[in-house]
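As structure tokens, here come the structures.
The following pair of complexes shares a single chain, subunit A, combined with subunit B in the former and subunit C in the latter.
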Partner chain A sequence: MKRAINSFFCVAIFCFLNAAPVWANEAIPTETDPVAQKRAMELAAKLRCLVCQNQSIAESDAELAVDLRQQVREQIAEGKSDKEIIKFMTDRYGDFVLYQPPVKGTTIFLWAGPLILLLLGLVGMFFLLRKHAGKAGEATVPLTDAERARAAALLRERSDSEV
Partner chain B sequence: MKRKLLLLIPLLVFVVLAGFFVVGLDRNPREIPSPLIGKPVPKFSLPTLSDENKIITEKDFAGQVWLLNVWASWCVSCRTEHPVLVENAELIGVPIIGLNYKDKRSDGVAWLARYGDPYSFSIVDADGRFGIDLGVYGVPETFLMDKQGVVRYKHTGPITIESLRAVIIPKIKELKEQ
Partner chain C sequence: MIPEIGQFALILALVLVLVQGTLPLAGAARGIPAWMSLARRTAQSSFLFLALAFGCLLYSFIINDFSVLNVATNSNTHLPLHYRIAASWGSHEGSIMMWVLMLGMWSCAVSIFSRHLPEEVVARVLGVMGLVTTGLLLFMLLTSNPFERLFPVPLEGRDLNPLLQDPGMALHPPTLYMGYVGFSVAFAFAVAALLGGRLDATWARWSRPWTTLAWCFLTVGIMIGSWWAYYELGWGGWWFWDPVENASLLPWLIGTALIHSLAVTEKRGTFKIWTVLLAICAFSLSLLGTFLVRSGVLTSVHAFATDPRRGMFILVFLALVIGGSLVLFAFRAPRVGTAGTFKIVSRESSLLGNNILLTVACGTVLLGTLYPLFLDALNLGKISVGPPYFEAVFVPIMAVLVALMGIGPMARWKESSPRELRHKLRWPLLITIVCALALPLVLGRTEWKSVALLALGFGMAFWIITTLVAVVLERLHHLQGGFTDKLRRQPRSFWGMILAHLGVAVFIIGVTVVKGFEAERDVRMAPGDTVSVGGYTFKFVGIAETQEGPNYSASRGTFDLIKDDKLVRNLYPEKRIYFSHGMPMTEAAIDSGFLGDRYVSLGEEINDGKGSWSVRVYHKPFVTWIWLGCMLMTLGGIFALLDRRYRINMRKEAKLPLTGENDLSGSAR
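Right, the complex of A and B next:
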């Protein structure tokens, strides 16, 4: 029962989060064209709102975000490609407007960094494991007869005392 | 010995990270470098605030250094900036052009009448399109253009007397001498 209530709340919250996008009731020239509308949404989701920097212009209700969404829709209506629209934005607001920074000289460490760290980690792990593997090998030198006899005696003694 | 050196690695990592954080503390995340610097000011053709039939374009400023100050009557931090401009218009020594951004004409006129008018004149960008061309994202913003109409400097946020003295006026002098 408790579980059912929990999952009900999860679904309710999920529905709430997915509520109609904020621009649902703006004047939309692309409204009648579902394909263009979808493109506009996708583009807007890739562009950062510069006023509230942790939201995309699709999510933000800031006035600038409204204006920029309008720009996106108008340019789609004019037949511009996604690339041209992105360029329009970066020409004015810089790469900062993109959530996904382009790969170039100044961002190469950003892109390659995780891979470099992963490789360093793997190399480190390789050497560490090799070292330990060597030690483990030393430990498996077979017992001498005397040691074996002593071990057997110890084991016997222990099982006797437990009874 | 080698082992002991290896033990220093976490300390080194910490020092490097702390270094980044200390530098980051001092930087303003709201200040976004403008891609417009070094490029000609975007083309525009806008009416003035005092006369909607008078159209101004970027060509009207050929051969002179000028400041473009984006303002609006609804903009709260413009109030802190405005007295600095009013009091130092002469010291600035180049035309200051106001860009009345996404404002109602009557509100803009009333605002200047109330707080003073440091501008040679203001132009009106009612729908904010020129603002988008300039990459405006937080009013007030100020752009400095050289004699060829190339954007040389952008100041985001209210101009203070300190930023005026330390950065803007020296830059203006430099550009005037070119």
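Right, the complex of A and C next:
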């Protein structure tokens, strides 16, 4: 989690270094500062529009989403960090607003689950491989007499047709 | 009158599938040929009645019979004919009708294309399908009757959800359901094999083409859904990890595992138990997906709790199908020996890895989809699990899977020498590493995170492509004759594998490039303004109020798409207001190309007196490759289906009265 946030900051810093404003004689961006805009969009994509059916506030054109986008922009302009903005949102709307649920008591299985599943899978695979590799002969169910007779008949039939 | 005929047809179909689900199974168990022979006839005649019922529903929609509740709530006199037809499967009741119709269609197809199968196998397979159909028909008749009447009859109906008034959304449900329901055939074959107690390689051969066909439909269905979301929702996304989407991804993942596992079972006789389990899981997940989407549990756990009739029915049905088949599995599976030996480095073990990873991926998506529902149901708080979570857990699993994808086709059955494998894979590996590292830099990326993500994506794609080339060259190396002749002599199933895997590579390239290089501008534009993105300039010409559609009015924007000071084409995004809902809908305008899309969608009008609008423009490089990849995968499946051996087997087995080598039991007659 921490690493994700750190790397997020790195990206934000690099964006800051790389970006250059290029809108001469152009349409007015709804947001004037491209760095802040990029940060706002990335944050908005992680926040749920609470009145929509599973849309982030970046995607939605609902009133609340527009408001929250504005809120994010204003807070960025005030110099708040992403962490602070996310805290502001969760204080107000609860964890439901976050598309990446926080790691805590109730979500521990959500985050540990994939790892547990993978470990179970690997253990299962290990035993299967050992079982298959360790056996010398093939354990087949022996044929009944009726089956044996049919098999013989079929083999005869085949050799007849081949002649 | 017509709706009543439909209703009666459904009831008659129910009676027929009840027979189909009981007598043939009993006949197979007790060796009564007359009872077994009922399976084919009941399957075909019940399909006729289901088709009749669906025809009646279609008719009610076409003539705007608003005395039918389903029509009154989902259609409207202004709705054009083709959407009135599509509306018949747009509602809950309609889509269940479609589900059951498809189930009948698959049963009917099995009854026709199973001439070469032993009678008792056909009886068992169709019997199991009959039981499943019975459950769903009961669900439809008891909780979701599509022919329910409404009195007093309204003069005008409500409308079909405007989001669904679109060709993509009209096609998406039928193809998706064909896939969902198609897994019932694999399921029925697996259960039939368990019932018959003969779990050998032959059932794998019989159910393999059916499974592949169902998988093809599911792939196309998901692809259409994703494409629709991309152009219709107006913000250029193509996959949202929405629970509804996940519900279709789950059976796809297990279905993909099943296809691979069936190959091992057919060719080597191993993995039998595992394959049966996958077949049961694939269909169970299809049912679970239907439950999730149809019970309303996704919108709100509490909505489900206040009207639990539908949800409870599917839940009980789900428990019966899954529980019943697993109990049967638990009784029968231990009797099956684990035949076949293979070493740790072999094609078997890499396919086992494929199966396990796909299952883990499926489990992960299932966990992320259901977790918020469980927390909410237990009153432990509301959380959202969205794209950041799924990307973080899904992508690493897929990366390992892709690594195996390169090794698997190269490895030999039974035992592969690690040294030989290393020798064969060194060139692909070298090319992959060099290209994956160089390409992001060549394309002008320098930030480490961006480079790392691009390198991962390109690496996965190149690894698949280079190993595929190596596999083809290796296959041809040992043959005599001219190059094209050698190519032609490869079986179609081999080309199917190559195409499908290539599809995965193309898909990954699409995802990687669009994630890494997409550009987006959210701007306010007055007529005459321009905005540039991805080397293209969009010039806003103006907006016209038109009443274009039969049931909506639209504000239609005109944009000039300009590259290098030359007009490429005009784009006309729309903002539509549907009369019936008053809900504004965005129709994006897309200039689509092989190397990328230019995408513009209208936001809101801004009241500044200059006629300004908020506009979103996107440059989406290589986005079409995502769907192209899916199409290649489907094409791969079709090639596998067209393989000669299926036709030869069918002909050969039809000639032998007791179906040749497949049926060694001899107890049928």
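To be clear about the criterion, the second predicted complex is superposed on the first by the 104 of 163 C-alpha atoms of A that agree within 3 Å, B and C clash if a C-alpha of one lies under 4 Å from a C-alpha of the other, contacts with A are read in each partner's own complex, and residues count from 1 in each chain.
In this text, contacts are C-beta pairs under 8 Å (C-beta built on N, C-alpha and C of every residue); 3 or more make two chains touch, one makes a residue touch a chain.
If you're wondering where the values come from, they're calculated on a predicted model, not measured in any experiment.
Of the two partner chains, subunit C is the only one touched by A:132; subunit B is not. In the superposition on chain A, no contact is made by A:35 with either subunit B or subunit C.
Residue contacts after overlaying the shared chain place A:96 against subunit B and subunit C alike. Once the two complexes are laid over each other on the shared chain, residue contacts for A:67 go to subunit B alone; subunit C is not touched. By the touch criterion defined above, A:53 lies against subunit B and subunit C together after alignment on the C-alpha atoms of chain A. Comparing subunit B with subunit C, the partner in contact with more residues of subunit A is C. Overlaid on A, the two complexes show subunit B and subunit C touching the same residues of subunit A, namely 53, 94, 96. Here subunit A touches subunit C in the complex through residues 4, 7, 10-11, 14, 18, 22, 25-31, 37, 41, 45-46, 48, 53-54, 56, 58-59, 61, 94-101, 106-107, 109-110, 113-114, 117-118, 121-122, 124-125, 128-129, 131-133, 135-136, 138-141, 143, 146-147, 149-151, 154, 157, going by the rule given at the top.
Subunit B meets subunit A in the complex at residues 29-30, 32-36, 102, 127-128, 132-135, 137-138.
Those residues of subunit A that touch subunit B in the complex are listed here as 50-51, 53, 63-64, 67-68, 71, 90-94, 96. Contact residues on subunit C toward subunit A in their complex (touch as defined above): 233, 235, 237, 240, 242-243, 270, 299, 335-344, 348-349, 352-353, 356-357, 359-360, 363-364, 367-368, 371, 375, 380-389, 392-393, 397, 447-450, 520-526, 529-532, 540, 586, 603-604, 614-615, 656, 658, 660-661, 664-667.
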